[in-house]
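Below are two complexes that have chain A in common, paired first with chain B and then with chain C.
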Partner chain A sequence: MTILAQQLTLGLMIGGLYGLAAVGLSLVFGVLKVLNVAHGELIMLGGYGAFWLFALFGLDPFASLLLVLPLSLLLGLALYGALFGFVVRADEETRVKNSLLIGFGLALVLHALAVRLWTADDRSIDTPYAGAAISLGGLSIPLVRLASLALAFTLIGGLHLLLKHWRWGQAIRATAEDWQAAMLTGIDVRRAYLLAFAIGTALAGAAGTLVSVGYSINPSIGLEWTLKALIVVVLAGLGSTFGTFVGGLFLGVAEAASAAVFGGPYREVVGLVIFVAVLLLRPRGLFGQ
Partner chain B sequence: MRALTARGELGWAVSLLVLTVLALLPLLTHRDDILNFVFLVLLSVALAESWNILAGYAGQVNLGHAAFFGLGALVTRTLWIRGTPILPAMAAGAVVAMAFSLLIGAAAFRLRGAYFAIGTLALGEILRTTVGNLFPEISTLSAASIAAYRLSHRYYLALGLATVSVAAVAALASSRIGLGMQAIREDEEAAEASGVGALRIKLTALGVSTGLAGLAGGLFAYYLISYYPSHPFGPQWTFDALLMTFIGGVGTVLGPILGAALYVFLKEYLAVRWVDFHLLIFGALFVLIVLLLPGGLVQAGARARRLLRRGEAARGRGGPTNLGPRPSPADAPDREPHLLAGARRK
Partner chain C sequence: MLEIRDLDLAYGDARALSGVTLSVKPGEIVALLGPNGAGKTTLLKAIAGLLRPRAGTIVWEGEDLGRLPAHLVVERGLALVPEGRRLFGAMTVEENLALGAFAARARGDRQANLDRVYALFPVLRERRRQLVRQLSGGQQQMVAVGRALMASPRLLMLDEPSLGLAPLMVRAILEVLAQINRSGVAVFLVEQNVHASLTLAHRAYILETGCIVGEGSGADLLQDPHVRRAYLGPLAAREYFRL
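Here is the complex of A and B:
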């Protein structure tokens, strides 16, 4: 019983990162109607950013978030300018299809680059406090992962406030709702797209940082994280940041539960099965708005 | 698109010449590296053409194609190792792959566009993980089979399969059902409205596509001495097919051949020094092609000519008037190329 509870607790903690990974993807998809399948690779890059800041300069991974976030933001601006800005000119159906292809090419390039630059080895940030854990009624809770969960929650809360109260945050939400109406009210829709994409990339970078602390990264984690984020987005729908976070927690727990029941190797399968099932129930799109 | 028919006899002559040279190759050279290289090109041609049928002609981007390649490999390998001759074993692999695809097809085709793509991606991953869990042991040929291994057998099978795949696509392209596929690709609702049975045609495309993928998987299983059973289910097989097809020219007969030859050449050539470096080049090339040249290399010449002409026309009108930033995100929806719409364009 304790073992099961322990596994579910760990599932909950990785679930927080699934939620964070998905929020960025969901923002970009909801606002730009662009499906960036290189989202996992952006997470991977964020992870390497934090890893190298730690390995070269000894920067604490949680502190390096302050650097990784703005750097990822810049990367997002560049990627939008170079690639996705062209995709959003098409009508919506074409946009989704083309972004899928562009994202796929980008994912390949980033993956190949990461292998070239940093080898295919598994890396993780080994802080002095990495092994610390608190015990709670027979459960052992790793501190780093708990902190990651808390930070993921904080970041999502921050995004929520940003979208709710910041001028451009409101513009982003209006654009997501109906870009034509938004344009008529004088909102610079292209600017809203750019900002949403950059923020989505920054969130991916943050998620990568947290992955590299509590877990491990290598150049090939991209596809896996893209799939996790997609599963959560499909589960939670668009439009609610906290809903997405809860969807992430649910996936983490569901994976842990299925690993406990069917054995570890099947933990990936449960999320994918849920994903396909939900897709089939809502074949016209992920989000019956 | 109809390079083979449009240029008529010349096309036939070139095809026959290429086939003859390829058929004589094992007699002309005994260098295994050359035969292995051509084998890989031929296998890739078959895989890319099989993907091209569904994506290029019917407009359905199947990102779970590896599942059918893998099923073909799994069934063929199992039967062949237990003593079934290779041809019936490959046929069985193709039948299983096709049957599985038709089983899931009706449900999968409820998904449209990108949702079909990510749904099939998830499906492929489910199969890969499950097969990896059920068959964790590496599959290796017995000493007797290794002693009896003849590369030329694999080579001729590959040549046959590649020829069949190319011929199937060429025949399909100009057939009634192929035209139905292209109508669906351009606009499924309009196709339905004008009497095309979309689901039936999409299922036909899926069946042919996955049947050929199953055969290619069987060939792979016959070729390799040892591999993990989950390996042919890996997403890289789908991605390879997608890259080769798009770079050569999606929705054309010749495109995947060109793409496969270029891809395998770069992969083998660069792998000597840099593992996976070809993916960097091909990934970048792919993005460029998606953005700038949706018809792939096959269409490069035609498109360049058209651009030249358009440039002259624009000068004739006194040039474009582009003042300030463009106001609308959908300022030119009809001029933006529909990438999956392949080669046909005004």
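Here is the complex of A and C:
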């Protein structure tokens, strides 16, 4: 019983990162109607960014978030300017198709780049406090992962406030709901697209940093993270920031539960089962608007 | 104020507007009448910058709007209440109104405009924290008009503001338009309710299959045999009630 509870707790903590990964993908998809299949590679890059800052300058990974966030924001601006800005000129159906092609291309490039720069080996950031854990009623909770969960929640709360109260945050939400109506109120929707994409990339970078502390990264984790994020987006539906976070937690716990009940190899299956089940039973997702 | 000359617009090969020439002068209420599919919505979208004309000019106070994106047209002082209202249903009444003041020209007047909208539609003040999609159709139309007013427009364009509303609500909305006009805002109105809009309008144009086929003062057009037969007779009734 304790073992199951332990596994579920660990599942909850990785679930927070699934949620953070998904929120960025969901924002980009909801606003630009563009599916960025390179989202996982952006997470991978964020992880290596923190790894580099740690290995080269000894910067604590949690502190490096303060650098990784703005740097990935800039990367997002550059990627939009160079690649995705052209996609949004097409109508919505063409957009998704073209964005898939561009996303796959970008994913391959980033993967190759990462192998070149950091080799294909697994890396993780080995902080002095990496092994620290707190005991709670027979459960052992790794401090680093707990902090990652808390930070993921904080970032998502921050995004929520941004979208709710910032002028351009409101513009982003309006554009997501009806871009033509948004234009008619004087919103430059191209700029809303740009900002949403940059914020989505920044969230991916932050997620990557947190992955590199509590877990491990290698150049090939991108696809896996894109898949997790996509499952969570489908599960939670578009338009609710906290709903997406809850969806991530749910996936993490569900994976842990199925691994505990059916054995390790089934961890990956449950997500796909959820994916298909939600599409069949409630295509809008649990919290979709 | 607004001068449209020889405007041509097409969707692919399908011609939607040909040689449309019309004008709106300061302080006027101008109505645009015509059957479904005549191109009325297309014309409004072209003025608002959502559609690009193939030929002709849309001149607003000496400037050609033809290539201006829609968000910059709003900055020039033209606001469109689009067909079907197109509100942000997942947001509150006040958030919708606040977005109406997104344009730089209106940002400074935001509070004054908000007070003005709440004075025109007191019920919106009561409902300001409610999600727009929970409102009745009439209240949603008020939000749509209010959102456009938040942009401090000098020309307010409306695409079928009375569509789907109860007769009492239609009269209320049209009365508010007269009130807005008295405060110095020109109004360009597309309306199915021909009798009411001709009574309200100083002048009107008739658009059929993409061409302007008639023009005159509201009072004259109400007496015009073609208008009476096509828009106020049994045919009009049939169209109005969607029989």
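Assume the second predicted complex is superposed on the first by the 279 of 289 C-alpha atoms of A that agree within 3 Å, B and C clash if a C-alpha of one lies under 4 Å from a C-alpha of the other, contacts with A are read in each partner's own complex, and residues count from 1 in each chain.
One rule holds in what follows: a contact is a pair of C-beta atoms (placed from the backbone, for glycine too) under 8 Å apart; a residue touches a chain by one contact, two chains touch by 3 or more.
Note that the structure is a prediction, hence the values are computed from the model and not measured.
Participant: So, does A:V189 touch the first partner chain B, the second partner chain C, both, or neither?
Facilitator: In the superposition, A:V189 touches chain B and chain C alike.
Participant: Please work out whether A:R116 is in contact with chain B alone, chain C alone, both, or neither, and reply first, second, both or neither.
Facilitator: first
Participant: Should A:L223 be classified as contacting the first partner (chain B), the second (chain C), both, or neither?
Facilitator: In the superposition, A:L223 touches chain B alone.
Participant: State whether A:R167 touches chain B only (first), chain C only (second), both chains, or neither.
Facilitator: second
Participant: Please write out, lowest number first, the residues of chain A touched by both chain B and chain C across the two complexes.
Facilitator: 183, 189
Participant: If we count contacts the way the header does, which residues on chain C are in touch with chain A in the complex?
Facilitator: 48-50, 69-71, 74-75, 79-80, 82, 86-91, 95, 98-100, 102-104, 106, 147-148, 151
Participant: Mind pulling up the chain A residues that touch chain C in the complex?
Facilitator: 167, 170-171, 173-174, 177-178, 180-189, 239, 289
Participant: Under the definition above, what is the set of chain A residues touching chain B in their complex?
Facilitator: It is residues 35, 37, 83, 86, 88-91, 93-94, 96-98, 100-102, 104-109, 111-113, 115-116, 179, 183, 189-190, 193, 223, 227, 230-231, 263, 265-266, 268-269, 272-273, 275-276, 279-280, 283-286 of chain A that touch chain B.
Participant: Touching chain A in the complex: which residues of chain B?
Facilitator: Within the complex, chain B touches chain A at residues 61, 107, 110-115, 117-119, 121-123, 125-126, 129-130, 132-133, 235, 239, 242-243, 246, 274-277, 279-280, 282-284, 286-287, 290-291, 325-333, 336, 338-340.
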